[in-house]
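Attaching a single structure in structure tokens format; questions to follow.
Chain nomenclature is as follows: A, B, C and D, assigned in order of appearance, with residue numbering initiated at 1 for each chain independently.
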């Protein structure tokens, strides 16, 4: 219950500190006989790794994943899959000056307050480096979901106040290709260009900026999600809010939906052949989820990220003794977290869906 | 894992359908020797019950709570506390016409798709009536938190596009009094007046409207929340998203924070005596939570509710055979859910905090 | 985590004190569309209820079960099933003399030590009355298992040193009939007669005596049970050890198996058509479980019950102040618990198997 | 829920196959600021490792443990502790002949039946090699418990029908020294000698033999264990039954207790100063546990192990096609598992007690 596990039936446990020996993840409950494509897992990690482009941190980590257990002759065996990512770039001296100083809007103080001890090297466990383990596990969840016909696509929808138009296309492969052709990972090339320019200027200011990521899930059958507390969107919300720097989550009509009337917001079902597997509504304010359960339409949600707290400016703060202190901007950090977070959002969505898929199997015999 | 329980150490399980015999809740893990004030629990339920005012549903339920176990001579004993709320107003005939028809933007279809069977009377388990059980349990969580000096206050911050100004006061008792003096439960009287007028006009149109609820937690010590997946705000987010009709959650700077720069968003700690229990920042974009762990500042978050799906208009839809069908507006429903949802938001927040309080006790010996 | 829930996917939570308003149970995760036969549930409770015969307690409780939720038109809906058993015979005065006295080998002292408060009426939550709720829930698990072709049969194999011979028959219906024809619930009529005489003489001495219950599960497919920690027999063992007065559990060859050599103990598989669903061994020392997973053979285990602690003799003890005190034999108690415990053993076995059945569904897609 | 985790608050997850890259364990919930003594952890592993003596398997594995996370400057930080034990001796060819053959009384068949796939090298996940991970985690639990004044001691009480007398001494350090002076790990030297001779003769026969391990816990305060399902002895029982080859568990008076009368079995409390922390009974049939909760007396239990299934004889069996097949005795296996299992029993007991210790903290504020 110390919070390092996620999911019930498709369950992961992550471990590792930013500057320790390694980080990693155990997946318990991955169904047997799934083809484990290590190249795919690595390619997902490559989308999150540092040092990708001029608008990400310049730290270098290859983030090479190793498999320790649970796979035999290329297939999952039903036993725990352990994935290990050794830490290569442990340049702790970058952080040596922060031993006794609480960086503004970082977790330094709260770890001390909670545990009375803190691995101060690079944020220790509070570092977003932990999310690499999620991406590795999420890649396996994606392989499982793909087998079930479920696909997930996320991209950057805003950086600061620069907002991308809604996507028209339903072709996720095409969108993925467009997204990966630009370093900010926005599927609208014109907006992407604008975003990149903006992040670059923010970076030159030694500053950072927030942004938003939108996600769509296609091919999800009706019936996923448990009523009451473990609603599908509640699990998705928790998953997203557990990602470093996330401050908000909305699905379907979201916050804007609170301004509408019922007569505007209701999604009208379209007549169909009597096939419960096919359900279509004219609009999709519901975001593919009714009463917490998927209805077969596209699942849509959006995630808001605050700006990265580490800036290259000098800032006032306090030290562990509560005294005034100054922190100088140093190190190699992201000016904007969303380009690297796209694959994290997808990974967490995949983990939720894989888990709810298995849970749904037990609803009826 | 069927989703009817919430919390790890302070854990509730709810049961009951809208038009069944009763609804109720089991609280497992409430610490022993807590004074159980039944009048307080009932007064909380009264804030959620139907038929309170002209802007809520006119259904009548006294929602009288009974205690079945776990309390001896007025005190909790450490054993499960069972609370029962018998259903009085089971006027099922209001719903008889919906047996085979899927109401737009309701959970009717997905329950059929998931379970192959559905208690169609008043929405069965998907009805917001289930939240009465949460309010009863949340009241006990509030009693526990009050003992620890933690207090929770929520109010309606918007209805449609009518938005209340930010609260200036820190006096929760005074705010509570103001809030309870108007039927929409907004702590700003002028805005409250406007909201009530608007909801009443929407109601006369046979329509409904969405809104938002803001919540603040005061007196929360630093250290609550578990790193990585069970971050305090992730648990709060899941709790809120599990409430019927909620489509969005944000804490601290929220969605707006994604538009800011790090140099604007960072909360600067103020120098203090060397007391880890006291931590103050000049601003509070963090919403009282850093790295998923409370820092001792006010915890702030906001919840968006979509408009109620049941409207008094005729709507196109489909029946269980997938054929076109029409649903006529009937029954007694809320034109806007937020006035009655304020106490639900507080209850779910209380359940999260009580749970994380107990979990935090195990972090260090 | 306060220990009042059992199971993962087919999960129960019990509540209620011996002399409170009611006891009950919530079943979360019972698959939808199961026929809920209330007569069967009641008939199971009747096998556990007090006052059945001269060798059980003479307390009278009809133990009439009510259903509050989760069943619609006779079928489970997939939502929580709440079962309530009101307490009728709350003759608390029988227990008034024990308020401050710790009865030898009862839980009085440890509840005070743990919680600092204790519902002393009839043992409160520590009373075996709680097991009625398990029997009710177990009855529903049995209905589910029967649908899958799995049947469970337990009977009394020993009372004191009187031991029944091993059962020859494989006809569970016939054995059940024989068992229910005698009040001690041993399926060997001659031994049953001897046991009854013995218990009656012990009762006349104002004393009590222990015994053992054996259980067999037929029709269980291969594959139930999770490797490593949640082995099928580990879950069965925990289930049995959680029953009041149980001091030991063994399966298959059990304690006697520890005296054998591998060459004696190994069960030799018999050649068969290439059908993984059929696996037969010449012997069954394994008790139907290999590596924690069912192999399709009969599952067999045995449970040891200590003698009931309440005797009709005066006993030395201490009071809450730690002073010497004497307790006088009073009240209406069982001279031997095993006749009423047979159905509890079956219920707990059913709950484990239903849970592991659902869990196994998620092992492979 | 795939069964590779154990514990609620002090929770471990193990991974790894017998002949994979490595095995390991994640400990989530170890309280912060605990001194992590790596030498002690390694010395515990050394007691379990193969190749120790003539009466254990002659396989060689140094079982060297590495720490990957969760420890900073020698102390636990409250974050997950990852321990890794690389597999050195992966002589898979010893097992090559078993690819398609189901070894009698092994888990080969059930893994195929459950998962449809099986890592046949050395038993894969079903190998007792997995217990090395438990011993490593249990060593950390022991360090935590020692800080709380709780100590655990197990030794071999029987091999085949050779039974050691009950221990008279209460000096666990002295007993530990005696135990470690003989290779069978029985604290009675005369019996130890006899056991060793017997195991050696069994080994020369190419056969194996079962045995029993007894365990005592000293210094456990009253109050550990949760009522109803998570009784202290139910958790201990599950823990022990989850160890490979265990077929029975009993605590306190155990199976023999079922033959006694209440007037013999009741433990009479001794008058004391009014200190709830001190509770003494004249006898200890309860095994230190009443109503599932520790009472402060010594906790005592016993565990029965079946004989190892791998024998050096030729045996009849079937292959994956269900055809008759013969298996030849080969490889390097233990003639008797109990000498190496003593430290596994202690480790699992430590994990249960550490978990229940933390859970008990949340019972009362």
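FYI, a contact is a pair of C-beta atoms (placed from the backbone, for glycine too) under 8 Å apart; a residue touches a chain by one contact, two chains touch by 3 or more.
Labels paired with UniProt names: A, B, C, D = Chorismate synthase.
These numbers were taken from a predicted model, which means no experiment stands behind them.
Ranked by how far their CA centres sit from the centre of chain D (Chorismate synthase), the chains are topped by B.
Across the two candidate interfaces, C-D and A-C, the one carrying more C-beta contacts is C-D.
Rounded to a whole number, the gap between the C-alpha centres of chain A (Chorismate synthase) and chain C (Chorismate synthase) is 46 angstrom. Distance from the chain A (Chorismate synthase) centre to the chain D (Chorismate synthase) centre is 39 Å, each centre being the mean of its Cα atoms. In terms of their C-alpha centroids, the spacing between chain C (Chorismate synthase) and chain D (Chorismate synthase) amounts to 26 Å.
Residue positions of chain C (Chorismate synthase) touching 2 or more other chains: 1-5, 8-9, 14, 29, 32-33, 78-79, 114-116, 125, 227, 359, 362-364.
Only residues 1, 9, 29, 31-34, 78-79, 144, 147-148, 227, 358-359, 361-365 of chain C (Chorismate synthase) touch chain A (Chorismate synthase) when the two sit together in their complex. For chain B (Chorismate synthase) in complex with chain C (Chorismate synthase), the residues that touch the partner chain are 1-5, 8-9, 11, 13-17, 20-24, 26, 28-29, 32-33, 66-70, 72, 75-82, 84, 114-119, 124-125. Against chain C (Chorismate synthase), the residues of chain D (Chorismate synthase) that register as touching in their complex are 1-6, 8-9, 14, 102, 104-107, 109-116, 125-126, 130, 158, 160-161, 202, 207-212, 222-223, 225-231, 233-235, 237-239, 241-242, 244, 247-255, 257-279, 281, 285-287, 290-296, 304-311, 313, 315-318, 320-324, 359-360, 362-364.
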